[in-house]
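Next come two complexes built around chain A: one with chain B, the other with chain C.
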Partner chain A sequence: MAPAERFAYAVARLRAMSGRLLEESLIQRILDCEDLDSALKILAETAYSAWLVELKGSGDFDRIIEAELSNAYTEVQKFVPDERLVQLCRIPYDFHNVKVLVKSAILVREGGERRYDLLTSLGNIPVEELVVAVESEDYRLLPFGLHRLLPLCLSQWEQTRDILQVENSLDAGLFSVLAEIAVATGFDSAVRWVKGRIDAENIRNLLRLKRLDLDIAGAASFLHEGGWIAGEKLLALLNEPVESWPRVLSFSDVSGVFANVPDLSDLGALIVEMERALDEYVSAILARAKYEAFTPENVIAYLWAKEMEAKNLRIALVAVANNTDRTIARGLLRHGR
Partner chain B sequence: MPRMSVNPNRMELSRLKKRLFVAKRGHKLLKDKQDALIKAFLERAREGKALREELEEELAACYKSFLLARAQTLPAMLEQALMISGAKCDLRVDYQNVMSVMVPVYSVDQHGSPHNYGLATSSGSLDLALERFAKLIPKLIELAAKEKAIRLMAYEIEKTRRRVNALEHVLIPDFIDTIRYITMKLDEQERSTLSRLMKIKEIVRSH
Partner chain C sequence: MELLGVMLAILGAAMAAGWAGAGSAIGVGIAGESGAGVMTEDPGKFGLVLLLQALPGTQGIYGLLIAFFAILKVGLLGGEPIAVTAYQGLGIFFACLPIAIGGYFSAIAQGKTSAASIQMIAKRPEETGKAVILPAMVETYAVLSLLMSIILLNGIKL
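On to the complex of A and B.
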């Protein structure tokens, strides 16, 4: 375990880097732009300017968002005393890459094409290593339990031909690895954050399943263990109307999220609203880090803020590029930096 | 008016009269078919327009909700979620005879669920967008069938109109002119025969 004092330098660097995070007012300015070119001009005043030269066309803005996020991860990984904190934030991208590879392998067997263009460099495992491992079917050296999970998923597909089951196994693997790493760091804040994330993910999934009218037996495979709220309690929510969920969950912190959502009757609108509110709940878990100089949660707080920044920027740029209603886009923006 | 090049005899006259009768009957039938086709065409065109306007509105709403999903996720993650589809559409084509136009009637059968992806790396907006698109597919197919029928009927109306015009302005007037020509020729022949006979009778009487 890295002693907390070792984080003094890292936290100081992170404080300096936090100053370069995009202000909410800048996102609002981007949203007020009439076209994408003017939005990119505003972006040229920020840290994103370094990647603007690589832009092939104005519609290619996702590339610069990804490049800046990847740069932030690489930068932080260089000076952070415990790399596992960065790994925690990058793991979802590893699992995304694994899903692309598994689906590509399935598509190739069915006469389709590989979609390696969907692989992202944001993960912990280099894309080339992952591709070689899958192509050569040599999974032994893959980290994060993927050496077991990958062949399991492929055999699951062979037996069931059900991609949803395969994806559920990978999602379960993702959250169990997140919990394992958080515990291994020995930092309470990391464990709290991961537990909060799992709760948020479970609530989000439950709302989606409730709308799809799935029964308890079917919904169980979509929920993940390791959060503050037990699986049985969450599953019982499916039999309750959404309006009473805050009351049933009142013992947990996540119940406060429902207070920020005005209308619980329209499930479709609620899901969109709740996704934003749950992201803000996950941000709030680490809010205390601002006032502590030596705590490791500053690392996660910065990286999570960077993730939210990327999300906000993407929402703003997509709204400008497609000339959609800016009020809807403003409603999707995540706050709580 | 140009007339047909025919031998002016009684046989040809009777043949042309028969053809004129058939042409007039055909013209009436084709005219009736054209009127009925135009009526059916206008009906379908009105329905098609209303359906297209309704669908364009719905499609815009679908794209808007898809845009919400796209705005909140990495594009690669969105595409990854949609790499393997769980839903299948079986399309069957039957044909219906409308005024001798074989109009296609499509019936679509959707199996499976469009939600065939993990929930961790996809957003809830994607569920909503896909559901909307899935609901829209039967209507899109219906619109395709309607517009195909409208196109086929428009082509058939055009073809019938050309036939009616050809009968009305070319064939029937030609027949009438030719019949008049043959009748005149035959009358002329009859008159000349009569005058020749009278002349011969006069010569015979004078001797």
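On to the complex of A and C.
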């Protein structure tokens, strides 16, 4: 059977599962709630109801978001013909966990406390295994190049005492592994998605570096290779005012992202707005999946849509819990299912 | 020479039933995989899924029909065997080709369309009518192949 038809079952099941993704109107209803209890009552009408019983207190909503996302990953991993597609989406969580563990190890050495509460179960590597590997300093069995990267990061910390550099090395490792796995799958859509994610991350980093007023030499190490846009072209942006970035990047698809942001002059507000716009840019890369009945990109598209749902839900619940301005929260919601 | 004529007619019949049947098997299989995917999440859609999965199965029936016509024509199904020249046998063989080729490819295409339609009703159950029409359009070409095979078989005088 042709490779594409291997996905007939998986795509059909994902289509049925995508019917249970939260509608935008439901998120808006949550945002309209006056308190967290009413918001959770609305959530009880959805697929999240299964996790609500595990809720220890109404402020513990992050746990149910994580449980639902984790369940989606586990379910999809069971029936998808190529598990690497799910791995691709979960790897960022593995690297997040590694960051938490490295920082905790550093904190402990400095006399602080471990922050294992920040670990997530969404990664490919079971949290317990990762913790044991770091605590026993036995990294040999860690996948995704972490057996080399983890000791490297710890020795980098010993030498430089610069946590930003350590984080940077881990991010570089993450994107290199993502690109490697995407190529190994042999699916163009996976490669395009990873390249888009790298570009989005580079633009995000550039905006932060611009705010820090860092020079090109200092900024170079914060950009990741493997995207559509070459590193030198991105670095050249630092010498330009942000208003002219869309013009300089007009050769690439990512330039369209700036059109979705109302004000380019206020850098602080722009960084927040771009978080949303860049996520929507990555969603747009996968948008054509809905017109294809058998393509593997439907797997990534569903999992990415689930990620966006989790982000939107977190934004809405945090806004309700803290009683912040709902207009700001609405502006942060990711669109495009 | 007479034996060669009968053999060619049998080859045509075998191709009509075999290729059209193989196409149907592939088509029904593709649609079935999609159907199973949808029903895992929503078992209530069984009726619709079954209808859409069955659509690519018709080509196999058409192929079998033409195969019967072909072997009936040369008297292999009861009655007296008919003397068939090599040219007549070749004619029967060619007459079987439209449904063999048309049936094989249209069944696979219909299977894919049915699978896509099954995905469509998974997401938009209210569009069921449209979901049935789309794969039914592919059936047109299987029917045209069947008609051509029947017309050609009838045109061969033994």
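As a convention for this text, the second predicted complex is superposed on the first by the 335 of 337 C-alpha atoms of A that agree within 3 Å, B and C clash if a C-alpha of one lies under 4 Å from a C-alpha of the other, contacts with A are read in each partner's own complex, and residues count from 1 in each chain.
The working rule: a residue touches a chain if its C-beta (ideal position, glycine included) is under 8 Å from a C-beta of that chain, and two chains touch if they have at least 3 such contacts.
Just so you know, these numbers come straight off a predicted model, no measurement behind them.
Annotation for the three-chain superposition on chain A: chain B and chain C fit side by side.
Shared-chain residue A:C33: touches no atom of chain B or chain C. Across the overlaid complexes, the C-alpha centre of chain A sees chain B and chain C at an angle of 160°, to the nearest 10. Once the two complexes are overlaid on the shared chain, A:V177 sits clear of chain B and of chain C alike.
With both complexes superposed, B is the one of chain B and chain C in contact with more chain A residues. Of the two partner chains placed by superposition, only chain B is touched by A:E167; chain C is not. Within the superposed three-chain model, A:A105 lies out of touch with both chain B and chain C [touch as defined at top]. By the document's definition of touching, of the two partners only chain C reaches A:S18; chain B does not.
Once the two complexes are laid over each other on the shared chain, residue contacts for A:C89 go to neither chain B nor chain C. With chain A fitted onto itself, chain B and chain C come no nearer than 29 Å, counting C-alpha atoms only.
Chain C contributes residues 30, 33-38, 40-42, 112, 115-116, 118-120, 122-123 to its touches with chain A in the complex. Those residues of chain A whose C-beta lies close enough to touch chain B in the complex are 62, 66, 92, 95-96, 99-100, 103-104, 106-107, 115, 117-120, 163-164, 167-168, 170-171, 174-175, 201, 204-205, 207-208, 211-212, 222, 268, 271-272, 274-275, 311, 314-315, 318-319, 322, 324, 328-329, 332. If you check the complex, the residues on chain B that touch chain A are 64, 67-68, 70-72, 74-77, 79-80, 83-84, 86, 115-121, 123-125, 127-128. Here chain A touches chain C in the complex through residues 5, 8-19, 79, 293-294, going by the rule given at the top.
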